[in-house]
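Got some structures for you, see below.
Look at the two complexes coming up: chain A is in both, with chain B in one and chain C in the other.
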Partner chain A sequence: MNQKKFYPNYFTYPAIVLFFIFYCIPIIASFVMSFTNWNIKRINSPKFTGLKNFIRLFEDDYFMLALKNTVLFAVATTIGIVVLGLLLALLLNAAIKGKAFFRTVFYLPAVLSLIVVGIMFKAVFKLDGGILNQILNAIGLSGLTRDWLGNGTTAMWSIIFVQVWKWSGFAMAIYLAGLQGISTDYYEAARIDGATVWQRFRKITLPLLAPAFTVVITMNTIGGFKVFEQVYVMTNGGPGNATQVLNTYIYKEFSKGTLGRSSAASLLLFLLIAVIAVIVNKALTSREVEM
Partner chain B sequence: MKNKKTVSTVILSLVALLSSLIIIVPLLIVVFGSFKDAAEAQLFNLALPSSWHFENYQVVVEKGNMGRAFMNSMIITLVVTLFVVVAGSLNAFVVSRKKCRFTSFVYYLFLLGMIAPIQIVTTYGLLQMMNLTGTFLGVICVEAALQMPWTIFTLSGFIKNVPRELDEAAFIDGASPLRMFFCVIFPLLKPIMATVVVTTAMGAWNEFMVPLYFFSSSTKWTMPLTVYNFFGQYSSNWNYVFADLILTALPITILYLLCQKYVVAGTTAGAVKG
Partner chain C sequence: MNKKHVKLMISTAMAASMVLSMGAAVRAEEADYSILEGKTISFMTSQAKFFDAYQTMADAIEADYGCKVDFQVVPDDQYTSMTNLKLSTGEVPDVFEQNYPSQNATLNVYEYCEDLSNEAWVSRLVNPDMLKDQKDGKMYALPKESSSGYQVVYYNKALLESCGITDPEPQTYDEFLDILKAVKENSDAAPFLQTNKDNWETQIFMTGGIPITLGDKAAETYEKLLNNEITWSDIPEAEDVLQKYIDLYTEGYVNEDNLSVGYDDAAEIMANGKAAMYLTVDQWATDFGKNHPEVELGSFVIPYGEKPVLPTGNYVQGLFVPNAGSQIDVAKAFLEVWSMPKYQDMYYEANPGYPAFNDVNGGEATPCVQSIVDKYITTGDYVYEINGQLADANGCFNDLWNFYVEAAAGEKEAAAVWEDFQAIYEDYMEQQGFEAFE
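For the complex of A and B:
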């Protein structure tokens, strides 16, 4: 059969053209503009300035803080989601009542807009009458109540909590698909050999879930580095710069009109994600076993 | 033995119920709060409204410009979804059927898009150059480009399992490639299409960053942008803020509850390696 004629290349063009113009060209442009003094005031006449943007970024304490916060956010949320998602999946895979209802509820946060979720959690974390402080008061832990988002040390962890709240159900769905793919024969055989529940989990469930772990960890690490909306709506990087992350820093620089510098920051985020995605994926894929 | 099983079922069901409260309680406070007056809503509790203020919604629609924002969101979501689904499935079909250097290049090109974040500042510069800043067309093109990679990977994974004999039969009958695709292949993609359409529509509806950067005029704002702005103005009127949140979340929540099977399939489709 004539492949060329039957699967014509022009079928692929509309998607490629759009993707190339609106996604790839900006990436290439970022590599160029990061080395210029491109500015909103002279948008059409950027001048080459070498590594100056990058040097200035690394000298800027706020940028370094944003970088540190972003890494903390990505790592902490990934760990939280990987563990909680797995617990939820195991729970729903066990014999419980009302599975369909719980699956619907646990997944629901994943479809809600980050803006809606962020504003809702402002009500949760509020100092006066906020839902969390009310609960703490009710269970006799009034000493722990505080202005969760207005406090430099707790603000970042509150935003991390929101991310875990939003995406654990999504991870659960991935694990559940993985769990359903594991043949019950393995468990049957292990039971006959006298393996305990814990041994069955360690030696059968965990290794055979490796592909699901790869997907959950990779997706959430990448997603964590891209964090923007939650921070923008909940603290806008504050108090002070305590919750500044790379994407809010980029937006701040962009709003000031220093386009060259914000391109440089954006390019660094791009490189960071690309490197980490490759490393994480390589490390995890090698641990997967054939079913 | 039987007794032990029932006990563990009860305990585990209780654990599930308690965990689900972490999701349900804040949502219920928002739902009830949206019908309260300002003073009552500010208490953030699970009590039913002492009197039901349905007019909160009317206030929000008028003051928050929700009608306009709803139309804007609809336009963007519909066009993005339509383009991504048609262009994406044409692309995925050829990429998954034909093995050559060109198609493997296309594969890696879109793989890049699965990982790399959007370069938003230079995208802004590009739109400026093309005179597309602040236009629906500009935002639609950028959002469609962002959604394309996932769509293509999901569809390719599915098309691989559609038997090639069907293409050959159509070919022998003298159908043109386009006709073969739309009359033979496209109808077979129905189940995965539902997933792709719902997922893309949700992504476009919830997108915040792209319209934030590219729409300076509030007449073009989408629902999430309007909500954010409304919250800034009425942050002491939680009853209005909550009503606004409900109106923004409702279309997506209804879509989710109706098409849950397809939405969750979208999660795991991305997880299947191809």
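For the complex of A and C:
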């Protein structure tokens, strides 16, 4: 007897209530407050100010700088992670000795706390006694030594490097899953037809890895726009404002007590992430092929 | 009324006055603190504010009253943000330490913290008037010192002597520059240590220098700024001081890694002789003396104006009780116990200085700090730093300090700093609801 089991809807009510209280209400409240001058001094008497917070944000050079830095971070880290993760996956998908060990090693950074990673790399990038500068000195490249986190340009790229280092192994794991799902029949057939390694990669591997690309690119793009901990721990947005990103800007405004303004900035970040995630996901999904 | 009665009345009055004079301390010792038994007090402070002696005091309090203290030590560069964030969200510790009373407005203690004016320890304070809030006259925190925040250059004596400079006391700004030049020419050390990773350190040069350079005009200037009658760019003295600060970098007097080292790194750098002098506050010198007794420090003030005048904070370290706390009565009882001479003496035994309470033994202060007190505090040759005078705007000063860092990094000129900060200042004051800005 093939009888389908049905559960009553009210089983979901507790979860819906919790979701509404802890997710929907804060989002709605944040949306409403972004149109007010709510701040630490007017905690009980915010006034409606229309679009003023949003206009001021776009007039603020430092918000625009944070936006620019965030976009740079998201794009650069996504490219770095997608490329490096793919290279690692291709390398460790081949029949090489100790590949299980290397897979574990490359995946390990993904399980480390962002705070721990940030503190660790602060020691790596130190001017005086930092590991990176010591290595450069040891191999005769003293001219390249510098205060990596004390310079606006190198500080941003140092943080980008840390993000790529941390998440490439995770991307590798997703690609590996994708690669192992591709039937070897395709490669054998292509080999018989005389296809080169590059042709096999371009015509078989890449198209069939499209779902993995969708996951990796979407996750890292969203993660890149949401960056906070690494910047906060390694530079706190500095030196000066050089590595300020949207989330550190929001945190700074929030801690200044300008709650309406920071809510407006949060809302903009939310919209930015939502729009980009939808576009990226749609564009990539449309290129996926059925296996 | 016969003689016997008069004698009896006088004796009674004398006895009563003696009892009353001892009253406060005795009351504190005799009061019932059983409320503390089995409780844990969450105590939030920052790395720079936390001293090992706090743990000694906490251990003794636990042994005496069965009350544990859970110290939550937050990195300096995150501390003010963290405090504001916790207060505004209600996720608060039982007590927290902050600059007091200069941070009252920034923290909005009027709304978020308990009024402690009627606590028993208030009657034992050395200088209660400086500690009362300027707006409502209330007491919002239990102070640790009677005064603090002397902004002084502390130098490595041996290092300066090796450069041919003994016990320097520059009387003009040029003499100060001569000292830096001599160090640069005669040693490998950075003449002037700056720890700009913590922008609150960067600001010290300007925070102390501007009021001294303003001189008699200071009070009027602050009032005009708060009434939106002038802009920051209208204060040439502010630009002059900032330019002097920028010049220290362009002349090569500042350590190369200034943008990535912080307050916590300074002691090691100074002890290793990698830098000759450090402009900072007295707490640092006290701590340094304890951890590096082999290195002798000297001190002098930077003569920004016609003669050396000490810039000092009109604040001390204070323990606040947030009113969103889950055990306010316990926290208040804890403060009473914390203030007792038995425990305060433990702090001052390890960190001699200037206690807030008249029955606490401050011990012998670090010589390089004591000499500053003797020369400037006791003679009245001191000026309060700018932050305390503009307490209403304190919340946006962090942005200004970031601009100072950008100026130090060569990314902003002095005039641009004030121009850019004016926009932030106006916006912040408007958001805070100050009429002159609306």
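What we mean here is this: the second predicted complex is superposed on the first by the 286 of 291 C-alpha atoms of A that agree within 3 Å, B and C clash if a C-alpha of one lies under 4 Å from a C-alpha of the other, contacts with A are read in each partner's own complex, and residues count from 1 in each chain.
Here, contacts are C-beta pairs under 8 Å (C-beta built on N, C-alpha and C of every residue); 3 or more make two chains touch, one makes a residue touch a chain.
This is a predicted model, so every value here is computed, not measured.
Participant: Regarding the shared-chain residue A:I222, is it in contact with chain B (first), chain C (second), both, or neither?
Facilitator: first
Participant: In the superposed arrangement, which partner chain does A:I43 touch: chain B (first), chain C (second), both, or neither?
Facilitator: both
Participant: Of the partners chain B and chain C, which touch A:N236 in the superposed model: first, second, both, neither?
Facilitator: second
Participant: Where does A:F254 make contact in the superposed view: on chain B (first), on chain C (second), on both, or on neither?
Facilitator: both
Participant: Of chain B and chain C, which one touches more residues of chain A?
Facilitator: With both complexes superposed on chain A, more residues of chain A are touched by B.
Participant: Both chain B and chain C touch chain A; at which residues?
Facilitator: 43, 126, 251, 254, 259
Participant: Mind pulling up the chain B residues that touch chain A in the complex?
Facilitator: The contact residues of chain B facing chain A are 5, 8-9, 12-13, 15-16, 19-20, 22-27, 29-30, 42-45, 83, 86-88, 90-91, 93-95, 97-98, 102-103, 106, 109-110, 112-113, 115-126, 128, 141-142, 144-146, 148-149, 152, 167-168, 171, 177, 180-181, 202, 205-206, 208-209, 212-213, 223-224, 227-228, 231, 238, 241, 245, 248-249, 252-253, 255-257, 260, 263-264, 267-268, 270-271, 273.
Participant: For the complex, which residues does chain C have touching chain A?
Facilitator: 77-78, 80-82, 84-85, 87-88, 106, 108, 111, 196-197, 199, 256-260, 274, 395-396, 398-399, 402-403, 405-406, 409, 411-412, 420, 427-428, 431-433
Participant: List the residues on chain A that touch chain C in their complex, please.
Facilitator: 37, 39-43, 56, 61-62, 125-128, 147-152, 232, 236-242, 251-252, 254-261
Participant: Which residues of chain A touch chain B in the complex?
Facilitator: Answer in residue numbers: 1, 3, 5-9, 11-12, 14-16, 18-27, 29-30, 33, 38, 43, 88, 91-92, 94-98, 102-116, 119-124, 126, 129-131, 134, 165, 169-170, 173-174, 177-178, 211-212, 215, 219, 222, 225-226, 228-229, 233, 247, 250-251, 254, 259, 262-263, 266-267, 269-270, 273-274, 277.
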